[in-house]
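What follows is a set of structures to go through.
What follows is subunit A paired twice: with subunit B in the first complex and subunit C in the second.
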Partner chain A sequence: MSSPRKIPAPYYRAKTPHIIGWTECRGEQAFCRLYNIIAVLACVVLVGILLATVAFLPAFGEPGNPVGNEVPARYIEQGVQETGATNVVAGMILDYRAFDTFGEVNVLLAAACAVLILLSGHPPDAFDTLLREMEEPRHDIILQKTALLLVPMIMLFGIYVVMGGHLGPGGGFSGGAIIGASLILYASTYGTRKARRFFTLSTYENVVTLCLAFYGLAKGYVFFTGANALDSHIPLGTPGNLLSSGLILPLNVAVGLMVASTMYVFFVLFSKGSDAVDVE
Partner chain B sequence: MIAPIEYILLTYLVIAAVAICAARNLLASIIIFTSFSVVVSVLWILLSSPDLAITEAAVGTGISSILFFVVLKRIRVMEEEHRQQEKQS
Partner chain C sequence: MWNNILTNYYETVAILLFGIGLVTLLLHRNLVKKIIGLNIADSAVYLFLAAKGYIRGRSVPIISGGVQDTSAYINPIPTGLILTGIVISVSVTAFALALIVSLYKQYDTLNLDEMLQIANREEE
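And now, the complex of A and B:
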């Protein structure tokens, strides 16, 4: 597109005084009224169905519930010996049920692809430059000095949460989100031009490809064999040590890297327009 | 058993959920939504699942509200440009 895009007026402000027919006057009103009635009816029916379903659910926390079968008992009793992770939740989501987490990471990839398709790819136009002028940081000295103190600490805490995911509460998703938040703070304080020195769109593509390929190679086989069929022959180590529990730590690092870079790219694409992550 | 503080927090969740829909100002809606996430993450801690609490605090409170704020700013830029175009024509 060479000419600048025009932002279309919202449909409710469109004025077409030269054509006033039945469809504009009565038809639209009738459609709006019918739409409201159908929407309210659909909401009431849905609420009724859901409340009726809730009445049939088993009581919360009863020992005889269907979820209290042998699977969680096995996870809780033998999880530490079988996965080597003192955090049983990490052992579940990254060892027993690692293919679930693989699916979640792929959902993140699909969301990133959709955002990239929608918000990048066209050359910058008048709208993007206007956006850039409004979004450029104003060299606020207090904000910059505060960010100078806070960004390394937030990033260090995020790295701690990622690395300690198999020892205590934490893991790739939450730690990656914390690291992404520190990157967003840096980019919104110092502008994306400085952040572009170490993070561009090609960096993002490399990180995502490497992390997904590693995850798929490490855990993709369970789609064909089932979760307990193959032994990885990686020593589990002493539960409680940093270097223990086999593949859980590298998988956490891969998920964390991918989540952090995806959060940052989302922020930059949403706020700064299309070419803010591209190479100059 | 449900502790009394959980009753207070759950009541707040209901009030906040109605207030998010009822608020006329979009910025106020986003801020109430952020407080909703904070209270949910406190509830996760009370239900003894710190993993979920950390994720809720980082994703629900941090990242998603940042994205909401950014999109709100983008909408305001679009409205301003639309107003300028109307003024010129």
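And now, the complex of A and C:
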């Protein structure tokens, strides 16, 4: 948004006191009606075709369905021996298919970068600053005491979910989202100015760079040694212990940190603009 | 031939939900409501995938008690695919909402028609 083409809104409002919708012009009205009809028809036809497909799909929940081929069988029968994780899904997404997850995390980073670029173009004018001052939470004693109790609990639960990702339900993405929720609760109760003491944009950049670099290097090493039939010297440990399953636990922590900080940065950017996460 | 529609009721509901999301995406002129429609369609895809992975009477794919038999657990692959899908959908939603915020700052409206009208007038 570098082009200074922005014309203040009241300009339009004054020039055209009643903005007539597209629909109110004759020919365009017909076009709109046609568009709506075609859209509904297209959706109905698509849903009809898909429902016909569903009618020919194998029955729901049957053991012999073609989805259950030799790939999930391999993951279940050999997963614990090969990855060390009792949670087969964690072993799958962070070991067998770790490259897929790496791309996923990179998509998240790309989205965060795009949001940062899009929402940080305008330097806030005086009105924006005043608005943000007003939106900054007041000294609300009930809310703040409740948050004081809740934020550590939510964060602890998030850390538990991240750390237990290879043992049971959980993992970096879900746990990271929970930790992000606790950060968001803190920021919306005590104000982003207070949250800025421990989380600024440079913190975010450092966390994301470190996590992605660690992920890429660690999995690159494992893929390289695996492809060349070398020993990677990463102990798998006893399945079921906290410190087991090789790289899955550190990768979960990296993904969790990344997701948590991205969630928080999304929240702050959308609610306050980029200067709220920036360094003073 | 059509009686599998009722047997596969999870998939049927997923398809209907997808249709609802698609209609919302196409018919609403408000950009935020379009994004809501997109997210409904996303949820339909997750429901479909989860239904594909489920097998009656089996437990979640977390090895417990040393049982490593395929007949004890459901299919873990659709679960992993859903995880990927959720993250991508969050990213796409955030990106689209940021674009909408920029458009709103430029045009002071969320309605696509009014936006096009103002853009046309600007060009004249």
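Here is the rule we go by: the second predicted complex is superposed on the first by the 237 of 280 C-alpha atoms of A that agree within 3 Å, B and C clash if a C-alpha of one lies under 4 Å from a C-alpha of the other, contacts with A are read in each partner's own complex, and residues count from 1 in each chain.
What we mean here is this: contacts are C-beta pairs under 8 Å (C-beta built on N, C-alpha and C of every residue); 3 or more make two chains touch, one makes a residue touch a chain.
These numbers come from a predicted model, not from an experiment.
**Q** Who does A:A39 touch here: subunit B (first), subunit C (second), both, or neither?
**A** Second partner only.
**Q** For the three-chain arrangement built by superposition, which of subunit B and subunit C touches the greater number of subunit A residues?
**A** The partner that reaches more residues of subunit A in the superposed model: C.
**Q** A:V89 contacts which: subunit B (first), subunit C (second), both, neither?
**A** both
**Q** Should A:Q29 be classified as contacting the first partner (subunit B), the second (subunit C), both, or neither?
**A** neither
**Q** Pick one for A:F266: touches subunit B only (first), subunit C only (second), both, or neither.
**A** After superposition on chain A, A:F266 lies in contact with both partners, subunit B and subunit C.
**Q** So in the superposed three-chain picture, is A:P169 touching just subunit B, just subunit C, both, or none of them (first/second/both/neither)?
**A** both
**Q** After the superposition on A, what does A:Q144 contact: first (subunit B), second (subunit C), both or neither?
**A** Touch partners of A:Q144: none, neither subunit B nor subunit C.
**Q** With both complexes overlaid on chain A, does A:N206 touch subunit B (first), subunit C (second), both or neither?
**A** The answer is neither, since A:N206 touches no partner chain.
**Q** State whether A:T238 touches subunit B only (first), subunit C only (second), both chains, or neither.
**A** Neither subunit B nor subunit C is touched by A:T238.
**Q** Can you list the residues of subunit A that meet both subunit B and subunit C?
**A** Common to the two interfaces on subunit A: residues 6, 9, 87, 89, 168-169, 171, 173, 266, 270.
**Q** Taking the touch rule as given, give the residues of subunit C at its contact with subunit A in the complex, in rising order.
**A** Those residues of subunit C that touch subunit A are 1-5, 7-12, 15-16, 18-19, 22-23, 26-27, 51-56, 58, 60-64, 68-73, 75-80, 83-84, 86-88, 90-92, 94-95, 97-99, 101-102, 105-109, 111, 113-114, 116-118, 121.
**Q** Touching subunit C in the complex: which residues of subunit A?
**A** 1, 5-6, 9, 12-13, 16, 19-23, 36, 39-40, 42-44, 46-47, 50-51, 54-57, 59-63, 65, 67-68, 71-73, 75-77, 79-80, 86-89, 92-93, 97, 100-101, 104-105, 107-108, 110-112, 114-115, 118-119, 121-122, 167-169, 171, 173, 239, 259, 266, 269-270
**Q** Using the touch definition from the top, list the residues of subunit A that touch subunit B in their complex.
**A** Of all residues in subunit A, those touching subunit B are 6-7, 9, 87, 89-90, 127, 130-131, 134-135, 161, 168-171, 173-174, 177-178, 180-181, 184, 263, 266-267, 270-271.
**Q** Could you pull out which subunit B residues touch subunit A in their complex?
**A** On the subunit B side, the touching residues are 49-51, 53-55, 57-59, 62-63, 66-67, 70-71, 73-74, 77-78, 81-82, 85.
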